[in-house]
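Presented sequentially are two complexes of chain A, the first with chain B as partner and the second with chain C.
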Partner chain A sequence: MRGAPWLVFLLLVLGPPARAGSPEEAPSPPPEEGEEPGDAAVPTPGAAPDHQTVIQASRPVSPDQTQDQVAVPGERLRESPRPTLLEALAQESASIHVTRRGVGPAGVASGAAGGLTVRGLGGSPNTQVLVVEDGVPDVQGIFGHPLPDAYVPDLIDQAVVVEGGDSVLYGSNAMGAAIVLRSRWLPEDGWEVRSDAAYGSFATLQGTVTALGRKDGWEGAFALHGMRTDGHRDGAGGSVLVIQSAGRLRLAPGWSLVLRNKAVHVTGGDPGTVQHPFTDHTFDVWRDNLSGALEYQRPGLRVTLLPYATLGRHRLHDGFQSLDWTLGGRGEVCWRPHRNWEVLGGVEAQDMDGEVRNRIQGTATDVRAMVDLAAWQQVLWRPVQGLSLVVGSRELYSLRWGFLWLGKAGVRWNFWRGWSVRTRVTRNYRQPTIRELYLPYPVANPDLRPETSLNWDATLGYEDFRHLEVSLTAYRSQARNLIRYFGSWPAAEVVNIDAYTVWGLEGRVRVRDLGPFGATVAGSWQRVGRYTRQNPEAMLDFAATLGHRWGSHRLEGEVSGEWVHGLYMANYRREPIPDPFFLDLAVRYRLEPPGKDWTLEPWLVLRNLMNRKYEYIRGYEMPGFHVLAGLKVGLGG
Partner chain B sequence: MKRRRQVPRSRLWLLAIGGLLGCDLRYPEVVVVNRIDTAVVIRNPSFNGCRWEATLNYGDATVPRRCLPGRDQVHFQKLDLDQFAEQRMDPEEATTGPLWFNYQTVAQWTVDAGDFRVIEVQGGDALEQDFSIPGPYGH
Partner chain C sequence: MDRRMLVALGLWTVAVAGCETGTESATVQIQNDFNNPAVEGFKPPWTICRATYLGVEFGRIGIGETSAPQKVEPGLDYVLMVAAWDDPECHPENCLPIASKNEEEVVDGQTRTIAIGKPSHQGPCPPEGVPPIPETVYNRILELYPEYGFKPYAQRTENTQCLPE
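This part shows the complex of A and B:
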């Protein structure tokens, strides 16, 4: 542990290569006038080759260019020293706070980590932050939030965090933010297999195999990810298994059919506080997400039909068992009648339901299904070069709460040589979860009303698309009817609270491709009033990379860290937690022999380099200095 | 002059990585011993992230476990056999089972990486009731 500083010195002497600066990871500029969104480079099977120039451009992950977003390439997420995808995303933006408790699974129920808070909204545990995976909102039917352990970056092409949320496009839960994930396919015919295996402290063993292929209009993607660990203390161990598969068939010119499935199995336990640890508060969660997509695309028009279903089973140590399911479907049309206009419209229906019983006591708890229907529209207008105006509306009808209107308006102006200014206001909402309404763990309230928020933000930014990216954002979130738990069992209550306002500032500076050097610094400060529970006042995320390439060899290293200030375990600034601060170091060596279709990449991650004692959840102390070493092998591609 | 045998570089790497991976093995080892009273039994003691699923008679010790480095009290459940015997004599309470109460030591101990610490739990004023046990919470 005391040897950590010399490792930093060794890295600096060796002079590793800039990952952040590699050209393939540089974010592409937003599409401008006349650029056709979509997989423009995809040839039609059997079509005669023409000799036109083909411009390769991916469709933007999120279609609103006026929103404040952080886009992170999948490769960067895969190479992140952070143990989970959500933590890797939090490293990229200082407004994302993720609760953590160690190297094991984040878990579910009491003592779970992985709670997300963005711009003062979130927590409880993640119900105000929505994760959208390939167009499908990922919520557990009864609990209304995503499963933090279900996300692994193996097949992710890009992740976009829409800060400030967008319920017009994404519906319920996208209040504080929406995390939009897009899976990757091979860009051209061929195949690719990658394996990444690692072993480290606390008997942590993890492995991933991904395989992608593409031939004659058929495409396939498969990933198998497994992780098990003893954890850094009694009861903190667990395991995660994720099996993802997807297939895409190009049916006819312009038509494609996609089928995806993801199965997740998470086991572990709540280790309790260090003063009162548990060894038997276990959980066992199975989830399966199935979705399809039928898409028609031609210049100026894209039509998508996307049915989906999720099924989950939770078992806890005390006999609790829930079975939940979500069935839904959405249809979306994106029409570009003129090069300066883009119209987006869609309809969606969703049904969430489940059943709950106690296997030990033999009792069952009644729950009622939640069904809602929605239609949304978004219009993008580019009146002049560099200026984009967006307005949107969502009309939602819930069988339980009736009609609700949501809307948004935004503007972005790229006014001078990489300088831009943008602002947006959006009205978001979240409906109560089945758990909050009916499940007395610790308490339920069937009279709860949906939460709404009015979020505003404005950003001044500069980007030269080569070396420098700077942005400064001011934001204000005003929420009504927020659902909050108060008190403790057995006198706890869950109620709507009247009004809540948070405002703050965020800044981000990114330097890349500056010789071997790259760096990112992101900071935020916010005023959250009395609702201080897991709602920090200030955060700072930083990363510095050094890289060097010689011939077919590449060596790179990254030091990254996070500092959180003003963290409390309770509202009203009660139960303060000392400022968490840690440093991680990742070192990678990559061998790419010329003319060969294989690569070799040993890597080493040193976490909590300074062996600091810190915690995000009171009594759930984070591990000291620990290590993970792995080997990545790539074939084909 | 005797030539020094060179260690292959690959073995040095293995040694270095093995040492790093084993850093958690330097977590302090802790043993808890019941020295309260011959009539007092304690069970499920815990200390700074460690929990022993054990019942200790007077003089019994737990097995060594690796705990987090840091400072804590010993928390445990206590049963006074004399009181329990008196309870059994009372016909109204004779059918009820023993009551285990939550206690903790007043003293705190600090353990660091590499330590091997035997903690003896004494009786009398060295103990206090533990009201910090978390209550049942939700799912």
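This part shows the complex of A and C:
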């Protein structure tokens, strides 16, 4: 085994000749700006002679090529053995840690799971990690976090985790990371219906129906997802219902209008620790996100107007009830004046407000709206082939605390035969939440200011574009003005005081299409100082796949797992949790008869194969060995 | 742009990200909050006779009073105290070892007043609503203040002040 590192080194250096540069600099003509998948696949009748080559390409989900990102295709998320989207994303990157407590909904409030930590920032609630869905920041207006149960992969085209965050492009909360989700459309005229139903341990029943269509400039996408489970413990059950719909109309050459809506209903409870279980700590959450987008695009120019609104209602067992709403809009221009330059600029306005009352006591707590305005700019320059430089700036004005400047600068250099190096420094922020400003849980402070962070990272990577992908990243996140609670009632206080620095390393090796074999291993180590609460020192995520196709049949199996080390329930290395480790096995058989427009795909997921006892949250034991079996049926497409 | 410029840019980003400042100290005051009007019901008349937090002595703090500010090294610890029941003069027979209910934290650069009151303390006697003090915390107080002659943890409820009159 002593020769193994040298073998890997030789493989990397003497690997098969790679395409020059990164995908965006491949020798083929660059894709037109603003093209969605398939946008260019259907030439305008009469406009494109037969001999012309039509280039089909996707617009990058995130426009900064110097950032450190993990991009995951929607198909992979849909086939993941993990029960939630956030857990599926965590499997792809060893710097993402997600708290879990079982197969039921992650939930909200005390005892909730779904807490996200990326590169030492985040935590519970996830106010330092932002989720952006089709350009719309998804933030619960009062508590300032995303709703972990609201994300289902049914209509996702691609998910990108921007590690290190990017508040210049995404605004508040993109401090430790931004998770950018893009929904899919059909790439060409036609229709597609997919149904996926499953049943498994703990009376878990889940079903999804998706329907997509495209014809004569009209496009539609619809998904209905439902899940209910008894949970592996009393009080751990719950249900999730997600209804998504979207329509796109091509108004005139270059113009399109999009309307989206997503409604989510989550019910469940906090089962409490195994030592002090609850059966009545229930929650009931409704959420609706509505957005529209008017877009104009022509070669070298794209203009987007995107108004959005979200409305949410949280009801807890103790009488708490909140209604929160966010109204916002953004306008963005992406202009490529020269093939080596790309300029991005935008403006955004957002109003967050809500009301809070106790249904049992009949009391209400007064809160005030948070309004902020922002403008941002990003310039990408490619002085020579293979080299990209990005600088960006966001100017933010809040009616609450005034002016804040954010910025970033990054470089990416594809220097030799698939080898690349990149580095970026970015200044991010998160605004105080309405809860921190006004709600006495246990105390509020209307004078709070935003938290800021200065994040740096650098990556050395290699990709042969066929079989091998390797990267090693060093990062440093330095957060300032952290909002912290001290003391307890009646003398508690919440103030901007703390500072925090985390250093870390993460690496990723991916081998694909080596005959029937593929594998991914991602590992990370970080020095988190005293901030050890749900902020593990080391993580290892791995997956190995084996697939075989014969005729119209395909059989595929995947073993995947995760090991987490240095996990604590409190800061200062208090309340250590034994290293969680588990293995899952997923098996899929796919029947795709030639010439037919239907597919059948029975699948089986065996979770916690070794029936290990482990937990991510102290006292919340994860389920032992359990099973989920399903059948996926596809029509059309 | 040549490679030297790129290296310089990379070093600059590291340098910018690496700037750190910090005094590594915090300023703390301890408040005797046993008369807080927000707390309903009986208010125990504890005078704080001695108090130590993160290794720094804060001295005597009468009911409703606040100690002088002291510099401490940032960290997390219990406030370890000797308190006298209804006795501003702190006679040893009226004293007991008590501690803050939770470990209290201060961070670099912070100025914090830690309030010790009815809901935020723990002690060795078993009055209603006061959590029992852990053995390690109790023993730390005994080590800090041996002159009070408190009984060992196993006999903590037999301290003079604990006994019914």
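FYI, the second predicted complex is superposed on the first by the 575 of 637 C-alpha atoms of A that agree within 3 Å, B and C clash if a C-alpha of one lies under 4 Å from a C-alpha of the other, contacts with A are read in each partner's own complex, and residues count from 1 in each chain.
One rule holds for everything that comes next: contacts are C-beta pairs under 8 Å (C-beta built on N, C-alpha and C of every residue); 3 or more make two chains touch, one makes a residue touch a chain.
The structure displayed is predicted, hence computed values, not measured ones.
Novice: Once chain A of both complexes is superposed, is A:T501 in touch with chain B (first), chain C (second), both, or neither?
Specialist: A:T501: touches chain C, not chain B.
Novice: Which holds for A:L600: it touches chain B only (first), chain C only (second), both, or neither?
Specialist: Neither: A:L600 stays clear of chain B and chain C.
Novice: Tell me which touches more residues of chain A here: chain C or chain B.
Specialist: Comparing chain B with chain C, the partner touching more chain A residues is B.
Novice: Which partner chains sit in contact with A:R484 here, chain B, chain C, both or neither? Use first/second/both/neither.
Specialist: In the superposed model, A:R484 contacts chain C only, not chain B.
Novice: After the superposition on A, what does A:Y572 contact: first (chain B), second (chain C), both or neither?
Specialist: In the superposition, A:Y572 contacts chain C only.
Novice: With the two structures laid over each other on chain A, which partner does A:L514 touch: chain B (first), chain C (second), both, or neither?
Specialist: Neither partner.
Novice: Please indicate which partner A:P442 is in contact with in the superposed arrangement: first for chain B, second for chain C, both, or neither.
Specialist: first
Novice: Do chain B and chain C land on any of the same chain A residues, and which?
Specialist: Residues 488-490, which sit in both footprints.
Novice: Within their complex, state which residues of chain C touch chain A.
Specialist: 1, 6, 9-10, 13-14, 16-20, 22, 31, 33, 36, 38-39, 75-76, 101-102, 104-110, 112-115, 117, 119-120
Novice: Provide the residue numbers of chain A that touch chain B in the complex, in ascending order.
Specialist: Residue positions touching the partner: 1, 108-110, 199-202, 232-235, 271-279, 314, 316, 320, 322, 435, 439, 441-443, 488-490, 604, 606, 613, 621, 623-627, 629.
Novice: Using the touch definition from the top, list the residues of chain A that touch chain C in their complex.
Specialist: Checking each residue of chain A against chain C gives 383-384, 387, 409, 411, 413, 423-425, 454-456, 458, 476, 478, 484, 486-491, 493, 495, 497-499, 501, 530, 571-572.
Novice: Can you name the residues of chain B that touch chain A in the complex?
Specialist: Residues 17, 20-24, 26, 46, 48-51, 53, 65, 67-70, 72-73, 75, 113, 132-139.
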